[in-house]
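After this come two complexes, each holding chain A, first together with chain B and then together with chain C.
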Partner chain A sequence: MEQKIIGIILHEVSELNEQLDHKVAIENGENAGLYGLTGVLDSLGLVTLIVAVEQAIEDELGLAISLADERAMSQKNSPFRTIGTLADYIVKVSQEEA
Partner chain B sequence: MYIDFLIEAFTANKDKEAIVWQDQSFSYGWILSSTQAKLAFLQERLKPNSVVALEADFSPNAVAVLLALIECGCIIVPLTDSVAHKKAEFREIAEVEFVITVTINDEIVIEHTGTKVEHEFLLHLKTEKRPGLVLFSSGSTGKSKAALHDFVPLLEKFKVPRHGMRTISFLLFDHIGGVNTLLYTLSNGGCVVTVNERSPEEVCRSIEKYHVATLPTSPTFINLLLLSEAYKRFDLSSLTLVTYGTEVMPESTLSRFNQLFPSVRLLQTYGLSEIGIMRSKSKSSDSLWVKIGGEGFETRIVNNILEIKANSAMMGYLNAPSPFTADGWFHTGDVVEVDGEYMKILGRKSEIINVGGEKVYPAEVESVLQLMDGVEDVAISAERNPITGNLVKARVKLKTEETIGEFRKRMREFCKGKLEGFKVPQKVVLVDTTMHGERFKKMRKE
Partner chain C sequence: MDKPVILITGTSKGIGKALVAHYVALGHHVIGCSRNAVEWKIEGAQGNYQHYIADVTDEVAVKAMFSDIRKQYGRLDHLINNAGIASMNHSMLTPLTTVHQVLGTNVVGTFLFCRESAKLMQKKRYGRIINFATVATPLKLEGEAIYAASKAAVITLTQIMAKEFGEYGITVNAIGPTPVQTDLIKSVPKDKIDSLLNRQAIKRFGQFHDISNVIDFFLKKESDFVTGQVIFLGGI
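The block that comes next holds the complex of A and B.
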């Protein structure tokens, strides 16, 4: 499950990268920084990515989840730091949904 | 007495064609005698100065009844089938005493409701024995509001002679634009060409068949006309003027239409149920810059929002607080940009999307996306999110078989260099329904 989700995120990140001047270093895989200290995305890039990931998760896994909400924002550690932390958060949210 | 100027105009033009309805022609002489007959008919059956719902569409009898009701000093509430599911509610809000239905066969039915009029504005008009008009806003941005007009100042501008044209009654009978088309055309000896349905095919067919010169319409309809390519199947060479209003025109639609019809003048109109229709002048056919005003209207801009003071302004809403400032200015809610005498309408303040502090006007984004191949229709709206406050959401109707991912990728590529990053929709939803209402106005709310 987690590997599948990482695959989805990587795919969406690489699509988004085509639009970006400062690209997310997808070659670093799970450790690639998204938003925050090691991240390169601005808030708009982050929103765009999250919406695209939500959509892809729904299309490919049939799971309707909400990632950009108050809950995500109030996590002790931001789920949007790296591709890996985002994948962990998605797994957590989708398990709760199920 | 209220319609004396119309009676004079009808008499002067009595042999000319006034209305084309169901492929039949009716002269000004016919309208004149029919109005007089209806007046006698109504005087026997209604109390003068009653509140009367006129449930009709443009037809010779509906026009004659409308004019006769004005003359009787009645407060008229025109209602069309476009508000079928709201008719009962609207009758109640307007405290309608009589319902006159003009059927599709042009027969007249009168029904007494037993309602007692209590609203102070309505009572004021009744006491003063002045005719009135109640217009309901479309409710595309919220609840329908009932604007009550004293009919006398609304009629005033039609007393100035202008150029009468053969005009399609595209805007609805219960809409300020429809009432304006009718009174303008009839007071100037033009001809009102009615249509059975407001489809591109039917409108183009009527333009060809009845040599129509003027089409008053909305940007949404112009867009549908372009998409349907109905114009290729009919001879539209009689068309000289297309007027558009009621919503922001996408630049892309305007420029495409202008390229296809270089000899047709495009004029942006500006009017609201609350204040009437102003006189306007577009800088050119391919320009969204427009000068608005005219006799009886003053404009000013406060915090980039257009405000209007009009002699023909409504008395007020029947079901909402007064929207006027203490000194009588109406706050339109339209954000404008100004260049000398001209202004450009950017959109409703309430529809501006705030993305991380940056402003996005839905019409600008729609205008760009509509240029993409395969995009049939698009509506932009805001969606809340805690990161940027809002995001730009596009609901798109596609003609292609693309998946949402494929389309999103193509859209992002397409928008490069045409829209700043924050304006490119972050969210895309594919839909297969149309995104406009009966009035051919884009419905951005779902």
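The block that comes next holds the complex of A and C.
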């Protein structure tokens, strides 16, 4: 499941990249930085990505999940740091909501 | 643009029902929702009107409705947050259950629909959101504390969301109607209504076309530089 989720995130990031001046380095795969110290997304870019990923997860996996809840925002280590940390977080949220 | 896809809340009666007829007549594809099934029939609405039964404060039901709209249409162009409830009573006589109901429908419902609509609209970098305020807020009407306060919150939501959604090509505006002869004000004493009308520059009830005229303006493609605004009717 995690590989499928990584594929979904990569697809959505590559669509988002078309609108960005500073693009996410998707060639780095799971280690590509999204948001925070090593990331390139600003807060608007992150909002756009989260909404797109939530919709794609619902379309492709049939799971209606919310990624930007208080828990995600208050974690010491943000789940939005890299594609890999975001995928881990989605797996965790999906298992909890299943 | 294809036939605009417009979502209107609170379409079972009153202004919501009239808005359905108006936008069906203009050739929009109209989606409506209310807590109950609609009992009316509008000429020409068949095939151009789709109704969902949902309480605007029920996040699960609302998200399921938006998911369905996204799968069917792939977009949403316009949202009119018309659903609302009023409470006319002295603050000392207002039960807390009423406070929760008014805040739930008017504030939480408006927020939820704005949020979910913006998620759909941002993909196309286009959207128009219209919220409902009221003249009771600037006039600070006695006996309408919780209703006026809830609509003050709607105005603040409108102004802040206008800034948050502006980058996505989504405008957010509000209309503040004067009293219109609908169920919403049927329990308000006549002397109260007369006193309110007397505080307007133009001393009459609002008509449906007064409301649709302002909404039509906000919805226009050319209104893409108009956002975060509240237009009060009647001259207050």
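Everything below uses one rule, namely that the second predicted complex is superposed on the first by the 98 of 98 C-alpha atoms of A that agree within 3 Å, B and C clash if a C-alpha of one lies under 4 Å from a C-alpha of the other, contacts with A are read in each partner's own complex, and residues count from 1 in each chain.
Note that in this section a contact is a pair of C-beta atoms (placed from the backbone, for glycine too) under 8 Å apart; a residue touches a chain by one contact, two chains touch by 3 or more.
Quick caveat: nothing in here was measured; it's all calculated off a predicted structure.
> After aligning the two structures on chain A, examine chain B and chain C and state clash or fit.
These partners clash in the superposed model.
> Give one of first, second, both or neither to describe whether A:M73 is in contact with chain B, with chain C, with both, or with none.
A:M73 sits against chain B, while chain C stays out of touch.
> Answer with first, second, both or neither: which of chain B and chain C does A:L46 touch in the superposed model?
first
> Please work out whether A:A64 is in contact with chain B alone, chain C alone, both, or neither, and reply first, second, both or neither.
second
> Once the shared chain is lined up, is A:V91 touching chain B (first), chain C (second), both, or neither of them?
In the superposition, A:V91 contacts neither chain B nor chain C.
> Does chain A have more residues touched by chain B or by chain C?
Comparing chain B with chain C, the partner touching more chain A residues is B.
> Quick check on the superposed pair: does A:Q55 touch chain B, chain C, both, or neither? Answer first, second, both or neither.
both
> When the two structures are overlaid on chain A, which partner does A:A25 contact: first (chain B), second (chain C), both, or neither?
So A:A25 meets neither chain B nor chain C here.
> Out of 3-11, 147-155 or 291-299, where does chain B collide with chain C after the chain A superposition?
Stretch flagged for C-alpha clashes with chain C: 147-155.
> Need the overlap of the two footprints on chain A, from chain B and from chain C, as residue ranges.
Residues common to the chain A contacts of chain C and of chain B are 44, 48, 51-52, 55, 59, listed in rising order.
> Provide the residue numbers of chain B that touch chain A in the complex, in ascending order.
Against chain A, chain B makes touches at 355-356, 385-388, 391, 403-405, 408-409, 412-413, 416, 421-422, 426-427.
> Would you pull the chain C residues touching chain A in the complex into a rising list?
It is residues 63-64, 67, 70-71, 119, 122-123, 167-168 of chain C that touch chain A.
> Using the touch definition from the top, list the residues of chain A that touch chain B in their complex.
Going by the criterion above, the answer is residues 15, 18-19, 43-44, 46-48, 50-52, 55-56, 59, 68-70, 72-73.
> Which residues of chain A touch chain C in the complex?
Checking each residue of chain A against chain C gives 44, 48, 51-52, 54-55, 58-59, 64.
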